[in-house]
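Right after this note come the structures.
Look at the two complexes coming up: chain A is in both, with chain B in one and chain C in the other.
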Partner chain A sequence: MVEPILDVKDLDVSFTFPDGQYKAIDSLSFTVHSNEVVGIVGESGCGKTLTSLAIMGMLPDNASITNGSICFRHKRHLVSLSEKEWQSIRGRAISMIFQEPMTALNPVYPVGKQISEVLIKHTKQSRKAIKEQTIQLMKQVGLPRAEALYHSYPHQLSGGMRQRIVIAMALIGEPDLIIADEPTTALDVTIQSQIIQLFRKLKQEKKVSMLFISHDWGVLSQVCDRVLVLYAGQLVETGPISRLVDEPLHPYTKGLIRSIPDRAKRGEPLYTIPGRVPPLKERHRGCPFYDRCRERMEICRTVRPKTVNIKEQMVQCHLYTEEMDVPSS
Partner chain B sequence: MRYIIYKLSTFIVTIALVSLIVFSVFQVLPGRPAQTILGIDADEQQVAQLEKELGLDQSLWEQYISWISGLFSGDLGESLKYQQPVIDILLDRIPVTFSLAMLSIVLTALIGIPLGIFIARTDGKWVSTILSMLTQLGIAIPSFWFGFILILLFSVTFKLFPSNSYVPWSEDFFGALQSFFLPALALALSNIAIMIRYLRNTILDQMKMDYVRTAKCKGLSERWIVYRHILRNAFIPILTIFGMIIADTLGGSIIIENVFSLPGLGSLLIQSISARDFPLVQSMVLYIAVLVVFINFLVDLLYKVIDPRIRLKG
Partner chain C sequence: MIEVKNLYKYYHMPRKKFFSKETSIKAVNGVSFTLRKGETFGLVGESGSGKSTTGEIIVQLIKQTSGQVLYKGKDVSKFNALQLKVWRRKVQIVFQDPYASLNPKKTVQWILREPLIIHKIGNRREQDKRIIDMLHDVGLDESFLKRYPHELSGGQRQRVVIAAALILHPEFVVIDEGVSALDVSVQAQILNLLKALQKKYRLTYLFISHDLNVVQYFCDRIAVMYLGEIVEMGTVSDLDEPKHPYTKALFSSIPTRDVNTSETVLSGEVPSASAIPEGCPFHTRCPFVQERCKHEKPVKHELTTEHTVRCHLYD
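Showing the complex of A and B:
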C-alpha cells in the first residue's frame, strides 16, 4: 500500500483551563493519501477546526497536543517543531483555506501581493517571475483580468472572487496537502457550486490532496473520496462518501444523513438530532453520543466502543462487532 | 474629488465659526485695552479718544468685519502693547514654536513607534510589563514637570544643555538644536507614552484578526507579519493619534516655552493676555485654531491617500 501523505495517530488535543485539562480531540486517527480528498463532517463544536489547527501547528495558546502523533510524508512528526520549522512547512508543504474570504484577506494589501508573498517567503525566484507565476495561477483558478486584479484590494472583489484569491494563495506554494475549513459555507449557492467545480478541477488537474471540512453532505459528496464523521472530538465513523450516505452505520451518522434537506420531503419539518454536542467539560468515559443516541444500550454509558471494520467502513459503536466484519477482498 | 470638496467646505465653515468665537470671547473679557495702554491715571476723555483712534468705538459687527477683511489682506492690526504690526510680531515668534513642535513630534515618532512595536511583540514578557508601567507614569506626569526634571538633570547637574539661552537657527545650528532639544523632549515624553500604549493596543488587536492567521498559515515570520501586514492596518489609527498629538503639542508648547524661556508664541500669548493686547491675542488664538483645524484637514486627506477603501469609494 502507498504511504499516506498525512498520518494522524491517536491524537489528543486538550485545553488547559484554570480548573483542569479537558480533551477536545480524543484519540483521533486517520490518513490522507496522495490525490485523495478526505472530508470531515460533524456538528458545530465537534473539533473540526481544532483538528486542522493541530495539523498546521496553530493551536490556540491554551490548547496543546497531549498524546499521539501527526506524521507528514511518513517522516516529519508535526508535533514539537520549532516555530522556524513550522514556518517552512506552512504554505509550502501544507496550506489552509478558510471559511470567511473577506476577513481572511488583509484589507489594505493588494490581493496579488498576498498570493505572491508565499513564493517570496518560500522560494528564491525573482520578483518578476513570482508575479508572472501568480498571475498565471490567478487565471487558472478562474479570475478574469488577472493582471489588473493583481493590484486590487479585497473590498473591490466579490465574495466568490475573494475565495478564489484565498484558494490561489493556498495553491501557489504547491503544497502536498491543503486543508479547507468550510471553504464554501460563506458563499451564496451559485458561487458555491462554481467553487466546488474549481475544487473538482484542482483534484483532477493538479492532483491535490485535501482535507475538506464541511457541514454540507451535498458539497462533500461532490468533492470527497472519503469522509470522517467527528463527534465530540472522536472519530465515530469513516468510509467512502457514497457508503456513508447510502448505508450509515453509526446512529450519529444516521441522524446527520436524516437531517439533510430533501426535495422529496418538502414541506415536512426538517429532522434534527435532539440535544446538542456536549461541552468540553461534560464529556464522560462511555460512548460520546450516549446522551442523544436512539439505539443506546447499558454498556454504552460506561464503556468506550472499539473501532470495528465493516466492509470499507469503520465505525466506533457497540451495535457492531468484528464478527459482522465481511472482509473486503 | 467629492470627498475633498466636502472636507474643504467643512474646513472653511469651521474656520469661520472659530473666528467668530475668538472675536466674541475677547469682547466679553473684562477690562478696556485703551485704559491698560494709558494707565490707571488716564481720564475718561483720553481713553475715549484712544478708543476712537484704535477703532474700538465702532460697533462690534464693524470691528469684526474690519478684523476679518484685514486678515485677508495680511493686515492683522497693530499690537497695542508693542505698537508694532501684529503680523511682524507673529512672524518673529512662529519659527520658534514651529521648531519646538516639529522637533517634539519627530522625537515622538522616532521613539514612540519603535517602542510601541517592540512592546507589542514582547507582550507578556517582563520587559514589556515594565515599559508599560513606565508609560503609565509618562501619561500621568505633566510636561512642565518633565521640563523641570530635565533642566535639573541635564542643565544644572550634568551641564549638557543650556536651560534658558535661546539660540536662533540662523546663528548656530547645533546651538539651536541644543536649545530646543530639552523642551521638545519634555513636550514629547507624555506623547511618546500615549503613542506606545496606543500602538501596542492596536497591534495586539490586529494580531487577533483573521488575516493574521491567514498570513501565519502561509509560513510568514512574525516579523514579516508585523511589518508588512499589521502596520499597514495600524497606519490609519497611528495617523489619527498623530493628529491629536500635534494639536496637543501646540497647546503644550505654551507652558514649556515659559519653563524654558523660549521666545515663541506660547510665551507671547501669556504676556499679551496679561497686557490685554486684544489684536495680538485674537490673531494668535485664531492662528492656533486654524492650524489645528488645518492639521485635522490634512489628516483626513492623508487617510484618503493611505486607505485604499476610502480612496476608491469617494
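Showing the complex of A and C:
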C-alpha cells in the first residue's frame, strides 16, 4: 500500500482552563492519501476546525496537543516542530482555505499584490516573472480579465471571486495537502457550484490532496472520496462518501442524513436528533453520543465503544461487532 | 390576506461628480404577489436579489419608493402611528442571527415581557402565565426565565426569538433566513417547531431563504427573485418542474449526492443592482438568450392560474 501523505494517530487536543484540562479532540486517527479528498462532517463544536488547526500548527494559546502524532509525508512529525520549521511547511507543503474570504484577504492591498507576496516568499524570481505567474494562477482558478483584476481591492470583488483569489493563493506553493474549511458555505448556490467544479478540476488536473471540512452532504458528495464523521471530538464513523450517505451505520450519521430537508420529505415532520452537542466540560466516559442516541443500550453509558470495521466502513458504536458482515439496518 | 402590488424600492447613490447623472440601486423592481391566510410563502434568490428588502417593506421597517402593501384592502404605508402600532402586533419578523436579535443584557423573561408591556397586555400575573405558556410552546421551560442569551445554545436562542415574535399572537410572521445559521440537526428541530406553531396559531409565514432544499421542503408556494423581480412563481409542486431558465439553473445548482449530474452551472455572476441589464435582467447569463431578450422586457405569463413565469420563451 502507498504511504499516506498525512497520517494522524491517536491525536488528543486539550484546552486548559483555570479549573483543569478538557479534551476537545479525543484519540483521533485518520489518513489522507495522495490525490484523495477526505471530508470532515459534524455539528459545530465537534472539533472539525480544531483538527485542521492542529495539523497547521495554529492552535489557540490555551489549546495543546497532549497525545498522539501527526505525520506528514511519513517523515516529519508535525507535533514537535519549532516555529521556524513550521514556516517552511505552511503555505508550501500544507495550505489552508477559510470560509470567509473577506477576512482572509487584506482589505488595503490589491489582490494581485497579495498573491505575488506569497510567490515572493516562496520563490526567487524577477518581479516581471512573478507578475506573469500571478496572472497565470488567476486564470487557472477561473477569474475573468485577470490583468484588470490584478489591481482591484478585495471589496471590489464579489464573494465568489474573492474565494477564487484565496484558492489561487493556496495553490501557489504547489502544496501536498490543502485544508479547506467550509470553503463554499458563504456563497450563493450558483457560485457554490462553480467553485465545486473548480475543486474537482484541481483534483483531476493538479492531483491535489485535500482535507475538506463541510456540513453540507451534497457538497461533500460532489468533491470527496472519503468522509470522517466527528462527534464531540471523536471519530464515530468513516468510509467512502457514497456508502455513508446510502447506508450510514452510526446512529449519529443516520440522524445527520435523515434530518436534511428536501422535497421528498414534504408534508412530514423532519427527523431530528434530540438535544445538542455536549459542552466540553460535560463529556463523559462512555459513548459520546449516549445522551442523544435513539438506539442506546446500558453498556453505552459507561464503556466507550471500540472501532469496528464493516466492509469499507469503520464505525465506533456498540451496535456493531467485528463478526457482523451485514449491518442490521 | 396581504397583497403586495408593484413594489419598488430604489436607493439613491450620492453623485461622484457635480454634473454626473444620479445613479440608483434598484433593490426591488416591481414585485407583486398575495399571501393567503395560513400558507407558507417562500421567497428565494441569490444575495442581492431583493428578497430581504421585500420582507422588510411588508412589515414597514423600511418604506417603499412606490407601490402598495395592502392588508385587508388597506394600504399599510398610509397608516398613522396608532394604526401602525396595531399592525405591528399582527406582523412579526424573525432574523437570521438569533444572537444579534436578543439584547445580551436582558434575561429571557424580560425579553418576552417587553412586547406585552409596550402593547399594554394583561397585568403582571397574566403576563407571567403567557410567557411561561409561550416558552412551553417553543419547547423550553421555566428554568430559562432567568437566563441570559449568552447562556443559551444557538438552537435555544432561536427558540427564544420565535417565542418573542409569537408572544403577541401575530397573524403573520416574516422569517428572514431564520434557520440558515443553524446546524442541520438543530435546523430540523426549528423547522418542525415552526410547522407545529403554524398549525396551532393559524399563522401565515413569509419564508425568505437562499437554501433551496429548505424552501422546497417547507413552503406551499414559492416565488423566485432575480435582481429585484419575481421571475417565476407557483406552488411548490409547480416549481418541481421549473420553467424559467434561471429557476432551472438555480435548482440544478443544488449540490446533490449524484456526482454525475449534468453541468448546467450558470456562468458569470449576478450583475450589480445599480446597472440592471436592459430587457430581460437575466439575459447576460441565460443559456437560451435570444436577440429580443436584450431589448424587450418579458411580460408575466400565466401557465396555470398559480404558475406564472416571466420569460420570452413562453410567448
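Heads up, the rule we're going with is that the second predicted complex is superposed on the first by the 320 of 329 C-alpha atoms of A that agree within 3 Å, B and C clash if a C-alpha of one lies under 4 Å from a C-alpha of the other, contacts with A are read in each partner's own complex, and residues count from 1 in each chain.
The rule we apply is simple: a residue touches a chain if its C-beta (ideal position, glycine included) is under 8 Å from a C-beta of that chain, and two chains touch if they have at least 3 such contacts.
In this text the structure is predicted, and so the values were computed from the model without any measurement.
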| item | value |
| --- | --- |
| Fit or clash - chain C, chain B, common chain A | fit |
| Partner chain in contact with A:I165 - chain B first, chain C second, else both or neither | neither |
| Dominant contact partner of chain A by residue count, chain C or chain B | C |
| Superposed model, angle subtended at chain A by chain C and chain B (C-alpha, nearest 10 degrees) | 70 |
| Partner chain in contact with A:L228 - chain B first, chain C second, else both or neither | neither |
| Partner chain in contact with A:E117 - chain B first, chain C second, else both or neither | first |
| First, second, both or neither for A:Q192, with chain B first and chain C second | second |
| First (chain B), second (chain C), both or neither touched by A:R276 | second |
| Contacts of A:V37 with chain B and chain C, given as first, second, both or neither | neither |
| Which superposed partner A:N106 touches (first chain B, second chain C, both, neither) | first |
| Partner chain(s) touched by A:F98 [first = chain B, second = chain C, both, neither] | first |
| Smallest separation of CA atoms, chain C relative to chain B, angstrom | 5 |
| Residue ranges of chain A touching chain C (in the complex, touch as defined) | 43-44, 158-161, 188-194, 196-197, 215-219, 221-222, 242, 245, 255-256, 259-263, 265-266, 269-273, 276 |
| Residue ranges of chain B in contact with chain A within the complex | 209-211, 213-222, 224, 228-229, 232-233, 235, 307-309, 312 |
| Complex contact set, residues of chain C against chain A | 46-47, 153-155, 183-189, 191-192, 195, 210, 212-214, 216-218, 236, 240, 249-250, 253-259, 263, 265-267, 269-270 |
| In the complex with chain B, residue positions of chain A that touch it | 56, 58, 83, 86-92, 95-96, 98, 100, 103-109, 117-118, 121-122, 153, 155-156, 166, 169, 173 |
